[in-house]
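Heads up: the structure comes next, in structure tokens.
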Amino acid sequence: MEIVLALAIGVLTASGVWLLLRPRTFQVIMGLVLLSYAVNLFIFCMGRLEIDRPPILLGPDALDPRMYADPVPQALVLTAIVISFATTALFLVVLLAARGLTGTDHVDGREPEE
Amino acid sequence: MTALLRHLPVIPILVPLVVGAVELLLPEARRGLRVALPVASVLAQIAAALMLLYLTTDSMPDMWTEGVGVYSIGSWVAPFGIVLVVDRLAALMVTLTSLVALPALVYSLANWDRVGPGFHSMFQFLLMGLNGAFLTGDLFNLFVFFEVLLAASYGLMLHGSGPARVKAGLHYISVNLTASFLFLIGVAMIYGMTGTLNMADLAQRLTLLDADDRALFEAGAAILGVAFLVKAGVWPLSFWLPSAYSAASAPVAAIFAIMTKVGVYAVLRVGTLLASGDQQISFIDVGLFYGGAATITYGVIGMLAAQQLGRLVAYSVIASSGLLLMALGLQNEALTAPVLFYLVSSALAASAFFMLNGMTDRTRMIQMAASADVAPLPDVTYMGFGVKEPADPLSSEDEVGVAIPAAMAFLGLAFVSCVLLVAGLPPLSGFIGKFAMLYAVVQSAAEGALGWHDWALIAAVLVVGFAAVIALTRIGLRLFWSVTGRTTPRLRVIEAGPVGFLILLCLGLTVGAGPVMTYLDSAARSLHAPDVYIRVVHTAAALEAAP
Amino acid sequence: MRPIPIVLTAVLVAIWLLLNNTLAIEHIVLGTVLSVLLALGARQLRPLEPKLRRIYLIPWFVAMVLVDILRSNIGVGRIVLGLVRDREVRSGFIVVPLDMRDPHGLSMLAAVVTATPGTAWAGLSPDGSELTLHILDVKDESEWIRMIKTRYERPLMRIFE
Amino acid sequence: MNDLPLWAAAPAAVLLVIAGVVTLVGSLALVRLPDFFTRIHGPAMGNTVGTGSVLIASMLVSSAIASRPVLHELLITLFIVMSSPVTAMLLMQAARYRNKVKGRD
Amino acid sequence: MNEAFTYAVWFAQTCFVLAMMCATFRLLRGPAAQDRVLALDTLYINGMLTLLMLGIRSGSQAYFDMAMLIALFGFAGSVALAKFLLRGEVIEP
Amino acid sequence: MALILIVALPFLGSLCAAFLPSNARNAESWLSGVVAVVCTTLALSLYPQVVDGGVVRYSVEWAPLLGLEFSLRMDGYAWMFALLVSLMGALVVLYARYYMSPEDPVPRFFSFLLAFMGAMLGVVLSGNLIQLVVFWELTSLTSFMLIAYWYHRADARRGARMAMTMTVAGGLCLLGGVVLLGDIVGSYDLDAVLAAGDAIREHANYSVLVTLILLGALTKSAQFPFHFWLPHAMAAPTPVSAYLHSATMVKAGVFLLARLWPVLHGTEQWFWIVCGAGLASLLLGGFAAMFQRDMKGVLAYSTVSHLGLITLLLGMNSQLALVAAVFHMMNHATFKASLFMAAGIVDHETGTRDLRRLSGLAHAMPITATVALVAAAAMAGVPLLNGFLSKEMFFAETIFAGEGALFSVGLPAAATLAGMFSVAYSLRFIHQVFFGPLARDLPRAPHEPTRGMVLPSVLLVVACLLVGILPADTIGPYLHTAVYSILGADTPQYSLQVWHGWTLPLAMSLLALTGGGVIYYLLWRVTGAASRSPVRAPVDGRRAFDIVMVAIIRMCDRLVRLISSRRLQVQLLLIVIVSFAAAFVPLLGAGWQQGGQPLNELNPLFAALWVIGAVCALGAANQAKFHRLAALIMVGGAGLVTCLTFAWFSAPDLALTQIAVEVVTTVLLLLGLRWMPRRLDLGELRRRTLKARVRRVRDLLIAGVVGAGVASLAFAVLTRPAVEVLSAFYVERALTAADGRNVVNVILVDFRSFDTFGEITVLSVVAVTVYALLRRFRPAPESRLTPRAQREDAAREALESGDGLPSGFLRVPAAITRMLLPMAGLVSLYFLFRGHNAPGGGFVGGLVMSAAIIVQYMTSGVLWVESRLRIHPQYWIALGLLGAAAAGVLAWLAGRSFLTSLEWHGRLPLVGELHLSSVLLFDLGVYMAVVGSTVLMLIAIAHQSLRRPRRTLPTEEPEASIAPVSQDVEAVR
């Protein structure tokens, strides 16, 4: 499983980076979204992979940490998800404003000369 | 009072948050309250910061052991909960933030705050983010506060809108979002290898890693470092900075002066903690040194090439950041105190300079009517938001404020003071900062046998100053002393005052260089001997419930 | 001041209890309080409230629809798998004249049509008098129209109008 | 899961097999059928019989595990029944409109 | 019997994933935007079913919530997409 | 005390002067004059204490950690200079009172003049070398202000800039040198430094530090090759020139050379640099002075020459030469200041300083002419004047300077030649201005100036005469005091006498006098040459300066484009590469690839899921440019698979949140797409340029490599055993200490609630930013029209069909979604309340609520919804944040720290046991902030459709307008 997830992160990262380096604002925002998936999964990986052990305590007598997936990366990813959501929204609005004010959707606010 | 004192470390975070939130509730018509609250908030932050500064001098040992204050949020002790840790460096940065914030805020009241909604909220949230970033002792919490301050800075950067700002803002945001991803990856790897997030705890657990795990840890730390360096404006990661800073409105740029310092702070904080013990992450230092040198080169070249004052000042910010990093990269502990002094001084200087720049070309500010060919939203939708469309603040009321005589004289004098500060010339504090660096380099070399790294730093200090003089006299003469098209701008006390305040502060730093250096020296010492920090964080108990 | 919408509140309370999968008294109290608040809060956005008349018809109607769904599942499945070889499957739009105007009845009709594989809601004329459906396997257009009107529209009109 | 009683396991297993087959066939429609209007009928199979069977199976299993009736899967049914027509209607409408525009241009 | 049940679970799950692949095929292939939207909607439903299978497999109630969320709000995205196709904007005046 | 007053008074005076009204010429003069006179008196009063090697000290602690103390130190030499500066200051103030016109804004002038005086006094009285540098730079700065006083003149600006650039650069070098010097000595204290001569000369850094210090001194004293700034500084008002460029500032350089002479001299390096610069300046300055057209230009080059003389003397490594140097510093100050004043008087009274236009002024202004004559004679070295004496000493020194033909013949010859130049330009200065027929076409009719204006130069000339005739009785003891304070016991025997008998120096003097006369006669009487130098200097300093400056700026302009880029793609590429490299370095050579942790068994279904996810991601990457909607949908697919992955690996909270965020993000992006005009796929038709292809391949490679890198990092960590530090604690305490089963939620709202606190702030700030930005939104011109579909559908006009529901195709969806709203609200509350024990929480709940509200907007339209529902999302945000903060502060009441969770247990009738917790309040705050923020953002975008163009825009199809939009934008502006 680990190799699948690592590859998945790799593909998401590669797609995200590729889009990040593109000249159109919409490509960049798509890249940011894909990168956020990749990063969230990456953080999540840091707790290692556990199947069928959600960190929801079964009872006061079942408090062995080995029974549950590591909750910390999950909490971190939650925060990261929210923050990426917020920044995606912001980026979207900025790119719209830029599109309106500059007349182009190029990331530099003008079409390249070539 | 003692109760308040017990909760002092969280005050600089809480107060701006509350005021920022209340600002959202206040209707636009309550101008008086909308202005008074933020000012009061900043004043409170100054008071709190000074108190923190006082406490870190170990003046109340029964309250804070060894001058380090630990405040466990939620009563969960380190490393399990998030703790705020106030050591000298943190107190210094919080104080610096509040001292830059006050003039920037007052300056903004000259209608800069009214060119778009939400200025005061975002300003307060920015302060919250900055203070949080300086005070937190937790790596992920540092990320969160970085995001708070960045989010607010996005808003402030775009405050007033307009093509230049939006274009620069797009780059600023893109770059910082990318850097945030790096931050997350770095933090994640560090957690993955050590299982902890508390910085002091991290420093301890490092020693438990074997070589392979350590390599992975260092890879994470390096990625984290890149994220910090993007914020610090290091070459080649800082091309966004000149446009962003010069496009932002003046009070915003003024408070942004502290933003690159956040990056430097993070490098310093995390770097010193992680480098504690015998294992040094030396490649990071090498990177800092060369990165700093390249940044200085970039800043200097940019300063000389700059055609507008705003860009020039932005490049000077880059150059000073480079100088700080280069000095840190020398791995010379004697340099840390001078670096801190220079950091403070350059932040104050850049802040003053950006405000001055705003006063000299105010006309550029009023270009927002560009969107006039599209009608504003109809009333009904604003009612949905619970606001009334305000009158355009730029149209009629722009020229309120008391005009003071001798506008040119003031502007000229302030300009010269800023030049002195940026170039590191006497008698203002920039000189002391640079001299202190030279002094430290030379003094700490055994028998005066300076290595080429040392010579390079000495040269850098001198060259930056010289380049600043060349560049600034060129632009200054054109701005202040050329006859053609010279219209004496109307100067308002509310704008001139903050600039004067900052310059006086710098003068004060020069005169009071003795006590300031003493404080910074002990701050630097404790940074390089993080055992105290680590020990206090680990042993601090949560606040006892009141009887 | 209109009265508290009883049916909606009851449905909401039921949903609350289902969500929490309990019949505990504190949940009934809390659920009722929340439901009343929500029902009142949402009222501004629901100027038209459904008026259910012959509730006893509902189970019968549901059962009938379930049977239809099962049947049409098999039919569509055969078409998808290409098991219908004996004839050419012809799909197309049909127009059904409607007598029902109540939006909630129409909603139920839409749910039924959508839930039944093989029929898809394709549009309602602006005056609400004609319903266009897309049928995967139109054997007999008039048979479809008759079925919709008798099996679905009439019972729904009895419940909602 | 190991000690699932037969009364729950047997019907649940059957339901799951049915659900799997029906859903797969429904989604196959997306691959096999020629145009949008015919394809839209396929997923409805998964939405109805597929989901319904899984939900019943889930209810059986949950109830067996919790040793009391667990019915909250009903809610999923309710929400799907309420929400899927909205999607389907708008999508059909959009497809018709776009085909019209395409034909006209 | 439990073994048979386990196989059934596995079978159903495989079917759902295969169904998702069918939907993905349409998602990539198009050709029209509405085809992709329909495919995404199907993908969501099939994803929900996969989640329910995870829930049945693990016996945990936690998966129910996710499935419910998809049932309740998966459609919001599809509606928005359809509305965009139909009207040129998602929220009209 | 007197010492501190001497330095402080001018600065205080400067401050006062700045605030006097701009026409208060008399008050300013009185103020400045009194300050200068008081300083003079104070200096005089200290003489008894400095005579015979006494030193007066005053010091205050400044920054001991940096080796800094504020320290004033007056010995004989410093006393002499202090007196010179303050006395000359008094005279210049008197002169300036009459020189400055009533229109000039005098406060600025006197303020800077006094500040300069203070700085100069600071330089000469500093007892700490760093402090000396401080005052040194201050003199540069104030001189900049004074030169640029008439800033409306281009030459003034340029001259000021040049002077500033050169002297500041020198000052920085000086700082570097002094720092090194202080390091060797271990102190910056002048006394300590002066006592450590041998240590300094033997130190490895000697050559660097001496070079740096000399750079500082030579630039300040305008010595070759840095001499060129001085003539251009003549754009300053003449009192400034008289003060700064004769008596004081330019003397600072030679002052410092003499000050540090005891510790620095005596080495080859010192000799060659100092003598070389001095000799070159002596000759070049003298030569150039002969060909100036401007009276002040003559004086400026003559100053370069005379300072060269002093420098040369200081370089000679001989005590007697030092005596001569110090003596000549004084003499030069007196006659040169007097000459500057005379030149200023001529300028003031005639309106020009052009030697070719001026003529015969002796008729009109005899007193001025006399004064100038005497002073010029002193400059030329005519006997019975002070210039003669020091020049004789100089000649004498050149004879004994060194061995070998080069020195024993060459140096005296050069000195004599320089003397001839000096005579020639002095002659020209006097002859062309004051003799001959009275010039007629002058701007003003010349006449004698007011007495006050002549008085200072008369006094100076009298001093020249007195010293020249009776040196031993006038200057003798003071010179001795000064020299003795430098040399101490090494002070040589010398005699100050007019007549030493027929000596070689006297012969050289006479030769110089006659030679100079001949040169003048030949050049101007016989050839009538124009005042252009017959020999062009190989390097014109000023031109060189300009060229260098322009070149620097041009080069930097090009360089900055080379080493940086304003293009975002480049910046992001660099960030990616740098971070990849940074991560790569520590991994080099380490065995980090795979750890020993056993792996989970591969489940093919999971792999199949990620085939879907990967295909979607890659498809999105491929389609995002031309098929935005398709890309958006594919990203949605990848998001769904991500969500399933979270579910698969035991993270229900993440899956829940991911799915909710996914939906809202899709809606958000779709809302945005409306404002992004369609992009036509022209690029596919056009053949891509080679450059673009290369770029794409490069990016593809980088993306692939980075992806592989991140994947292998993830894999490396995944294959290592987990380190359970925090997780163990949280699992153990969540239920027992924090009363929650869902550990993730307990972390979010209790253990690490501070993170959540920050996170909702981020969300709120972004929402406010989005709202603010959209208030001034200007849509792209192509997007301003209502979309085509809506324009074609007239039925939409009748939105409400009487029963509150829209007619047409939205009727049924609206009915259904309105029914869903309260249910969704209930579900959102369900998530909010149960989060502590099961997946959910305020965040998910908030998103569900916002999505429910947005669906209402989608099906019913903005205007209808808002006419019935006041949402006030900003208030929600504010209340949410305040609620969360209140939950935190509540703990204070119990004496606990911020955000400590408080429990309240009670019983309610009917309900039974009730647990209330501040955590719930916190989560409620989160919920509200999330609802407010999300709704604010979504609705703010949705509202933009309500904007309508003010202008009538062309009604063509928005889809069809492919014309470049930039023109339109220009037109709009």
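All chains are identified by letter, namely A, B, C, D, E and F, in their written order; residue positions are counted from 1 within each chain.
To be clear about the criterion, contacts are C-beta pairs under 8 Å (C-beta built on N, C-alpha and C of every residue); 3 or more make two chains touch, one makes a residue touch a chain.
Note that the coordinates shown come from a computational prediction; the quantities given were computed from them, not determined experimentally.
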Joint neighbours of chain B and chain A, given as chain labels: F
From chain B, the most remote chain by mean C-alpha position: C
Far-end chain from chain E, centres as C-alpha averages: F
Rounded Å distance between chain C and chain D, as computed from the means of their C-alpha atoms: 16
Averaged-CA centre spacing for the pair chain C and chain B, given as whole angstrom: 60
Chain B-chain D separation of Cα centroids, rounded to whole Å: 55
Centroid distance [mean C-alpha coordinates] between chain E and chain A, Å: 21
Contacts with two or more other chains, residues of chain C listed in rising order: 15, 19, 107, 110-111, 121, 123
Multi-partner residues of chain D (each touching 2 or more other chains): 26, 28, 40, 42, 47, 70, 72, 75, 79, 82-86, 89-90, 93, 97
Numbers and ranges of chain A residues touching at least 2 other chains: 20, 28, 42, 45-47, 52, 54, 56, 72, 76, 79, 83, 86-87, 90, 94-95, 97, 100-102, 107-108
Touch relationships between chains, expressed as pairs: A-B, A-E, A-F, B-F, C-D, C-F, D-E, D-F, E-F
Complex interface listing, chain F residues touching chain E: 605, 608-609, 611-612, 615-616, 619, 629-630, 633-634, 636-637, 640-641, 643-644, 647-648, 652, 655-656, 659-660, 662-663, 666-667, 670-671, 673-674, 786-790, 796, 809, 813, 820, 823-824, 827, 831, 838-840, 844, 848, 851, 854-855, 857-859, 861-863, 938-939, 942, 945-946
Touching residues (chain side chain E, partner chain D) in the complex: 1-2, 4-9, 11-16, 18-20, 22-23, 25-26, 32-35, 37-39, 41-42, 45-46, 48-49, 52-53, 55-59, 61, 64, 67-68, 71-72, 74-75, 78-79, 82-83, 85-86
Of all residues in chain E, those that touch chain F in their complex: 13-14, 17-18, 20-21, 24, 27-28, 30, 33, 36-37, 39-40, 43-44, 47, 50-51, 54, 60-63, 65-66, 68-70, 72-74, 76-77, 79-81, 83-93
In the complex, chain C residues that touch chain F: 8, 11-12, 15-16, 19-20, 25-26, 29-30, 34-35, 38-39, 41-42, 44-48, 50, 103-104, 106-107, 110-111, 121, 123-124, 126-128
Footprint of chain E on chain D - complex, ascending: 1-4, 6, 9-10, 12-14, 16-17, 19-21, 23-24, 26-28, 30-31, 36, 39-40, 42-43, 46-47, 50-51, 54-55, 57-58, 61-62, 65, 70, 72-73, 75-76, 79-80, 83-84, 86-87, 90-91, 93-95, 97-98
